[in-house]
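Both complexes below contain chain A, partnered by chain B and then by chain C.
Then we have the complex of A and B:
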């Protein structure tokens, strides 16, 4: 039993580590995995556990690795890793049932840490599987002899727990957290505050969901340019985001914003939010910035929902200072780009004409769009791109275009965000993935900011929708993608499956993860009437009392002792034998009593031997009888009673 | 493993004739990591049995003859001043071996007895505020003469409780004794080959721990001990230590029988040996008859 529980626990920890693999440092992760495998080996081979000294040395070594590889500022990760480490080491030591029960209690916490990093439907299902495995281990430690019985018990107990959990999710009023661990861990989104076009190539490889947008009434028409950040200064190599405090908009003309949508943001450690055109949001956690961008007040890494109102960007004139700000460039560098800009600028009368010249230049000079550009290093990277490689993706074109515009005095800035999104199965929401990351240019034509996206001439298909829907690029794109369901979307049925899963995941995100205080208030108001707010404390008490009551009821029902099937059959037989005075006058054990009956009543011999065998199997060996054996036992007992009677 | 066990029983049967049951009980105590008390008249083969056990198991072995003037230091060891190094060095006493035969334990004074029993319970010895761990496995076989013999200090109940089992060998069957008289019996000083190693013994002990014990059997053990607690004829009923020992002994017995599950029969087989020395009946009952009585009165649950 202990070996079974130990192996089950090893599997759970391997699973947890796999789920957290992207968060943990590789070295620590592999060490912990090794420990799990070692434990699995010990459990399967029944080897003796390592001495306390060895585990202590291991613990010290792991702690050292932990402090070297994990930044002390990442306190959440630090605590999670320490918990996992301690539990795995304890598991390594735990040789008997009692110690393993301690580990099981620890594991309930360890499993829950997964939710700090992953809350999607799939990880929730996996976590559910871990809990089932864990309770099976617990049941088997508590004397349930077979895995089947333990599984049944585990599923029974968890199925009691699920409605209780659902009840509590809906009815226990949600309160703000009592305390919070200090924020953001590692940033993982595809966008970067620094646009170095050689950097963003890795983005196309990630099919991680960034956010979902649900359009409230009418869906905006494509292309969807989701603006996230402005990169306003060029440092000679890359376009970087302007640092310093963001300027918050005060007076917002709400009715002027005609479009509205709900954005369901996946877990992210970044501050920036996404908007179409000029956007604002009424959510209290969102800051509305100038230039129609949005920012999050608290950059903690949990999923998040905000209402978005948007409209196209309005005409705006630039002040003298702004004009200077948006045309500044380093004194030196990229002479060819500057010369080329001058030449193109000479033949165009205004910014718009320059833009179309530039479009034409890209189109006619054989520039191509690729997700695997030739890496360019050294200085004057823009020149090398323009003259030699001429292959690149959005980042390249945006960098070069903005540079050239500024060099001829046209105010320009690079915008990064996402382009497109996948419209799932005709519904009114879009899923935007990391591979939709995009960068483009905004230039000022004297009246308003205009969008300039060189990708539209180099790869016009890119604008129609999500990157995955662009036929021409599909092959190249898939080759880049990690093996995921998307990669298999060539097959009709798999694509259907992917879309269905996507729908379920959407529902999960909307209804379970997005079930916040506001939604709960609305629901409860609907159920109890609007005066409910006053009685929320009373509701907590009532719900908790109800839950306790149900638990007590269930546990008191469990306490009744029931005779097992084997025992009832044997009792029946002995009663009958007693009535005919065939039983031994002495106190005998059941098996001895059966043997006594067999020797003193020879015609019962065959039956008694069989009954004895089945009874020993069911009661002492604790191997549950199969249905066939139960029938057999019943038949034998009835036969014998007939003979006795 | 079962093959080795059979060899072991046969090997021991060669040493001491006609005492299969007692040999099995002694092995049962060893497999349960418990200590053994042999109580019998002089000359019944107590020492021969313990000798045989030590040799077949291939463990280090020391014999301590208890006398009325034996002191704790004679058992545990003492710190002796070393004039060369100018400091005290600890000299380990005979208790530092895997099997200790404490012969005629009730001949020594209470102080000495409790020194031994202390070490048995703790698995280590503390002298001059230093702890010395005893070797593992550590197994004490104590012999004692029946209490009514002269020159004995009876062990108090609290110390008797530390012994996992008490068995008496009893007289040999007539034909076995005939062989003994003729000198065809086992030679006392015959060298016996070790049959199992220390590691194998520890492995077996671990396997005993994994023997299944069904709830009905646990209920049976509970019924047995509970009866002693409500019986007016018994002044000192069975402690929880006794019930744990009963379960453990029954597991070891089942293991010796080659099963991986306990049956009520196993509990009955070890009940007398485990419980007789722990109950204290009123004067007019003997410990043995009380235990028999308990077994007879408790119904085995289905």
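Then we have the complex of A and C:
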């Protein structure tokens, strides 16, 4: 049984490591996986466990690797990694049942750390599977003779415990955070604070979900430009996000924001949030910034939900300082782009005219949209793009356009975020994936900020949905996508499956993330009425006590004594005989009793002899009665009862 | 420090236990029911609750519903374990059989029978004097269980309390009970093989000797006796015993059963324990070969006899001779 538990634990830790694979440094991950495999080998072959000295050396070595590869500032990751390391090392040493039980109990904590990073339905199901396996391992170490029995017992217990735990989750009042814990940092995103697309040869796109937006109204219509960051200064090569503290908006005219949506954000280590046009949010964790952008106050990596209110950007005049800020360019570089801008600017009277000139230029000069551009290195990258390659994705066009606008004195900035989102099967929400990442330009026409997106000319279909839905680019898009279900989306049934799974995951995420203190209060008030909501805790206690009492009653039921067919028939006969006072006054065995009846009640003699023969055959000769014999016995008994009666 | 704590708390613990258990368990046969079964989370169970608490804190601080769920699930699982552990052991019937008396160089074994007419019980552990036996499954058929135990010094002992416990099904809860059969058992001195012949003498029911007259040493008298063994010829060697013990024994004893042999404490060498061991050996040998012997201990004289009760009496006398009283632990 110890081998079963040890193997099961190895598999669980391999599972945890795979789930956290994207968070852990590769070297540490592979070392820990190797240790798990080693333990699996030891458990299956029954090899002797390594000496304490060896595990101590291993522990020291792993700790050294940990401190080299993990950034000390990422305190949560550091903690999670140390926990996993310690548990796996302990597992290596655990040879007897007692030590393994300790590791199992520790593992109940380890599996929870997965939820700090992932809360999707799939990871939840996997962790649930680990949970079941852990209880089976515990049961197998505590005297359940076979794994099958242990499995049955565990599943029985959990099938009662899970609904009770869910009940507690819903009805036990939620606690506020006891103290501020550091967030789980994660450094992955499709967006970058630097937009420098020119040295990228192939835009590897990830089908990782970024967020889902659920619209509470019907006014939202594509194209959906999800704004995240402003890149306001050009450093000669790239457009970079302005550093320094972001300006917080003070007085917000809430009723003016007519659009409303809920955003379910997947885990992200970034502060920036997503908004349509000019957005604000009432969520306490969200900071409302100038330019209608949102920022998260606490950059923890966990998943997160916020309400969004939005409206189109309103007219706003630029101050003199702002005008200078948005027209700033390096003195040197990209002369061709400057000349071209000057030429286009000469024939246009205002910013809007310049924009349409620029659109026309892109359309007529054979510029194309591609995810596999020719990489451009060296200086004057914008010039090379304009004159030579002329193939690029959003980043190329946004960079060049903003540069050219600034060079002729039009205030401009590059905006990055996401474009579109997949609307699954007519539902009221959009799923936005990493491959929807987009960059475009905002220029000020003297009255307000206007959007300029060259992609709308080069690849107009891109505006009306997710990148995955643009026919022209699908081939190229799939080729660049990491392997996933989406890559197979031209098989109809698989696509259907993908959409269904996506819907389930949406509902799940919405529920798991959305169920906070406020939601709970509303739910309790709705279910119990506002005056009884405060007694929800008592309700939980009563229900749990009741269920446990039923479990106790069920499990202390007495074993049923199953009488054989022959015995029940005989009991019937004897009852009847007893009523007529024909039975022997002494305690006799059934066969002797039958003999007694045969001798003392001669009219029963024939029946008694036959009954006795059948009874002896069934009971003592281990030959079960055939159906015919059963009928015969029944008939005989009924006959006798009639005679007695 | 630990020793001091133990000194302070051990009597308290003893009294508390005495008060809690009262005399409910002082019986040779017990069917476990709600008033004789005790249930608490096990050590592992408390560790489990601690981890559930850690998960709870983690969940509250990260406002994480799934971690919260897992924390609640763990708590419910402990509660379920308590119930299932109790239901598993309930109705268990224990019947004390015996703790067989024996020599001090052998381990003692506790024998009892277990059954459960109501349902099957799994993973029942039985513990006495630090040794534990595991019964994987108890059903309605009564089964005998023997629990080995450590060796003990000679003496007469009361059968100690038997602890019945189980951590079924998940090891998170521990149910336990006790069985205190009112019975004694003897531990005889370990037999020490020797070649000291037995002197044949007429047994005189001597009056009670005074304890002061006994001497611990006095080996001089025996030098002559040692010569005796040389007289044995090969035909009289008990080969059966040679095979068993690799020691030459002379059959002399058997053939001349008509005379009374005396196993006499005063005529053997060594200290008290050594002499008792030598005597135990002589009694054991005599019993094996049905030789009538008389046993003389200072203050106790057993007349010559070869009945089984006689040997038993003799061994018991050796077991308790000048012992520190009867052991009751």
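We take it that the second predicted complex is superposed on the first by the 518 of 645 C-alpha atoms of A that agree within 3 Å, B and C clash if a C-alpha of one lies under 4 Å from a C-alpha of the other, contacts with A are read in each partner's own complex, and residues count from 1 in each chain.
We adopt the following convention: a contact is a pair of C-beta atoms (placed from the backbone, for glycine too) under 8 Å apart; a residue touches a chain by one contact, two chains touch by 3 or more.
Source: prediction; values computed, not measured.
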item	value
Which superposed partner A:544 touches (first chain B, second chain C, both, neither)	second
Partner chain in contact with A:591 - chain B first, chain C second, else both or neither	first
First, second, both or neither for A:221, with chain B first and chain C second	neither
Which of chain B and chain C A:143 touches, first, second, both or neither	both
Which superposed partner A:570 touches (first chain B, second chain C, both, neither)	first
Chain B versus chain C as contact partner of A:72, first or second or both or neither	neither
Contacts of A:161 with chain B and chain C, given as first, second, both or neither	second
Touched partner set for A:105, first chain B, second chain C, both or neither	second
Residues of chain A touched, compared between chain B and chain C (which is higher)	C
Which superposed partner A:581 touches (first chain B, second chain C, both, neither)	neither
Shared contact residues on chain A - chain B and chain C	143, 145
Residue numbers on chain B that touch chain A, as the complex places them	206, 209-210, 212, 214-217, 260-265, 268, 295-300, 302
Residue numbers on chain C that touch chain A, as the complex places them	44, 47-48, 51-52, 54-55, 57-77, 79-81, 83-84, 86-88, 90-91, 117-120, 122-123, 134, 136-137, 140, 166-172
In the complex with chain B, residue positions of chain A that touch it	1-2, 48, 96, 143, 145, 563, 566-567, 570-571, 574, 586-592, 616, 619-622
Contact footprint of chain C on chain A as seen in their complex	101-102, 105-106, 108-109, 111-112, 115-116, 119, 124, 127, 131, 135, 138-139, 141-145, 150, 153-154, 157-158, 160-162, 164-166, 168-169, 172, 174-181, 300, 302, 512-513, 515-516, 544, 548, 551-552, 555-559
